[in-house]
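The first chain written gets the first letter, and so on, giving A, B, C, D, E and F; residue counts start at 1 in each chain.
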Amino acid sequence: MPVVTVTRRLRFNAAHRIHNPALSDAENTAMFGKCNNPNWHGHNYTLDVSVTGPVDPVSGYVMDLGHLRDLVEREILDKVDHRNLNLDVPFMQGINPTSENLVVAIWNVLSPQVTPARLTRLRLWETEHNFVDYHGESA
Amino acid sequence: MPVVTVTRRLRFNAAHRIHNPALSDAENTAMFGKCNNPNWHGHNYTLDVSVTGPVDPVSGYVMDLGHLRDLVEREILDKVDHRNLNLDVPFMQGINPTSENLVVAIWNVLSPQVTPARLTRLRLWETEHNFVDYHGESA
Amino acid sequence: MPVVTVTRRLRFNAAHRIHNPALSDAENTAMFGKCNNPNWHGHNYTLDVSVTGPVDPVSGYVMDLGHLRDLVEREILDKVDHRNLNLDVPFMQGINPTSENLVVAIWNVLSPQVTPARLTRLRLWETEHNFVDYHGESA
Amino acid sequence: MPVVTVTRRLRFNAAHRIHNPALSDAENTAMFGKCNNPNWHGHNYTLDVSVTGPVDPVSGYVMDLGHLRDLVEREILDKVDHRNLNLDVPFMQGINPTSENLVVAIWNVLSPQVTPARLTRLRLWETEHNFVDYHGESA
Amino acid sequence: MPVVTVTRRLRFNAAHRIHNPALSDAENTAMFGKCNNPNWHGHNYTLDVSVTGPVDPVSGYVMDLGHLRDLVEREILDKVDHRNLNLDVPFMQGINPTSENLVVAIWNVLSPQVTPARLTRLRLWETEHNFVDYHGESA
Amino acid sequence: MPVVTVTRRLRFNAAHRIHNPALSDAENTAMFGKCNNPNWHGHNYTLDVSVTGPVDPVSGYVMDLGHLRDLVEREILDKVDHRNLNLDVPFMQGINPTSENLVVAIWNVLSPQVTPARLTRLRLWETEHNFVDYHGESA
């Protein structure tokens, strides 16, 4: 059976502030500049969720993309869309909401729930000019 | 001399909350839903600034787009980028930051400063799915 | 009060065939070429719906874009999305589904329903390389 | 010699219906929902064809992208563009035209014909919100 | 009969240099900066050609977009694509190739040839961040 | 520590001519067609620079994207933007400026300078329809 990767793109809008509470205000300003604005700023995020597996010979699908969309909407978008990533999101409590930390947290929520397909990539666009990729790897 | 419209696209990121302080919290929630989240949300805004005029026969320009970019960066982007539209922006003080109110406020700042060309359109994208246009008209 | 135009972008997928039943098959083939394929072809359409009006001083809105989206989804998308424009769509019965005819038909459905704002433009993209605009004008 | 991957993007429009003829109509409706509409629907597909190889020291090319474009136009686009994927396409006969099955079928046509470069990825976008990737792997 | 505007998007790549031969080199450098580089630079241009007219009741078209594409390819793209706008293009001889001057020159070529429809807008994108519009108006 | 890849997108405009000086003019014309135009043509290039590494637990970053942007602007964009790739660019002297050769040359400049993160991919778009990827591999 051929193995294919299918990707669903979803979008959400959120406020955040890049801030490490373990550092002083001066250290946060030095490290994060205008991204540390205490009154927040925000983004239109784009999230590409990729799952990989054999193509089911009955459905012709790796995974029903409608089910994948519903899963991501329920587990992620309902919790982050039109919210504050520092204050409102259970799975980001105590985590500095850089794109890197956010994509890892989303992975940890979604990864157990797409079986029998495998979550193989998350791409998170913060703006039109930067994005992060995570494949579940550690060093 | 031919009359041409030239447009420069710029981007900024900001937090905001749709909220009319003259209404009660319950009225704000009823009217604005999740856009009224007290902890803010945010967007990557795209602003298209259009000026119209005759093409200068010496330069071949309606207006030097580098000058237009510098003007918009100094007067608008330096004040809204990575900021909170409700709290941080002088020209939005006391104004509910809907896209409609924001585009009118930006018009009022830029319009006197592009002469001898004329500001003829501002298009402000709040997301990939909605934008507002303002041509300086009133009813 | 400033007058602003607000636009909501929506998408749908449909099959169609460019075909005028008043002409012979040979005439249809000569006039429409591969777009006349009897087994259909299809598109991802993008529809930009623009309404114009004064900015309401209480809401800061010309019209609640959530209401506009709901209206277009109920009146248009529920009838054309994942459908055949020649066979399945009540408001296209007997109409050759060129982009020009389709945008006029959509206008006739939506125009009476956006009051007190005014429908001022529909832009319908058939592909990334062509679109049509209609403002409700006749000759 | 450095090894580089070059990608050519092409587009086509087609009608289809997600339908497994080995299942009953009720089973097809339950499994595929509105994508099973008997009167078809359609898409603007985008196909990214990637080939990998060493950079030829004389031409500076991995493969002449004009030749790659001609190959994909002749072998794929001439057979699917403005066609019905269930009815009109020789290499899709008897195959349920999900994106997964379509990308595998395109791979099987193109893979033998790009030598000495190697076909290393096909990405097929069905809409702006979903795409599939195939690298020729099986399970 | 409803009056609709149809637009065809086309692309070309060209080299140019912003340079007014009536000025000295020092004046050109002062006025045009890096855009005056004597060794040229270049762009991927996008041209949106819009024609307006009544919808033909037999074809359902304002104008066959295939004919419009062929016209623009023959009259414009064959002369500018992969060329130098200062040196190679007959209809730009002696004209400083700013976007403003280029869009007016393209208008003068196309405008007489789209009858009985009317050329009503040309939009020329020089980069993702700037474009010019011309409607055939003079001051 | 999770390992994440971060990507920064940057743009530049340049003229070039596909030409191998070791070949005769007739051979260059035969091999490169209109891309060999002696008067040059040009492009809006888009460059996606990807670096990979563990997420720093203090900053939440793999690498400060502002630093990455500054590095690419200083080492690459200042040398290629609004320039001629055949004539003006020190790191392209004597190299035929195909996308393949250009992406390898950019890699060689950037790769030593992003430590302790690793440069893991460069994607260079020459037009909307083609791009090349390089991961530092050789054959």
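Basically, a contact is a pair of C-beta atoms (placed from the backbone, for glycine too) under 8 Å apart; a residue touches a chain by one contact, two chains touch by 3 or more.
Predicted, not measured: the structure shown is a model, and the values here were computed from it.
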* Structure fact -> Any chain touching chain D and chain F at once appears in the list A
* By label order, what chains touch chain D and chain E together? -> C, F
* Asked: Moving only between chains that touch, what is the shortest number of steps from chain C to chain F?
  -> 2
* Fitting chain A to chain F on CA atoms, where both chains share a sequence, rotation angle to nearest 5 degrees -> 120
* Asked: When chain E meets its copy chain F, do both sides use mostly the same residue numbers (more than half shared) or mostly different ones?
  -> same
* To do: Compare the CA centroid of chain C with every other chain's and tell me the farthest one.
  => F
* Round to the nearest whole Å and give the separation of the Cα centres of chain B and chain E. => 28
* Asked: When the centre of a chain is set as the mean of its C-alpha atoms, what distance in Å lies between chain A and chain E?
  -> 42
* Asked: How far is the middle of chain B from the middle of chain F, if each middle is the mean of its Cα atoms, in Å?
  -> 34
* For chain E, write out the residues touching at least two other chains, lowest number first. => 128
* Structure fact -> Here the pairs of chains that touch are A-B, A-D, A-F, B-C, B-E, C-D, C-E, D-F, E-F
* Hey, which residues of chain E end up touching chain B in the complex? -> 18, 20, 22-23, 31-33, 95-101, 103-104, 128-134, 137-139
* Asked: In their shared complex, at which residues does chain D touch chain C?
  -> 11, 13-16, 34-35, 37, 39-44, 81-84, 87-88, 127-128
* To do: Would you pull the chain D residues touching chain F in the complex into a rising list?
  => 1-10, 50, 53-55, 58-62, 65-66
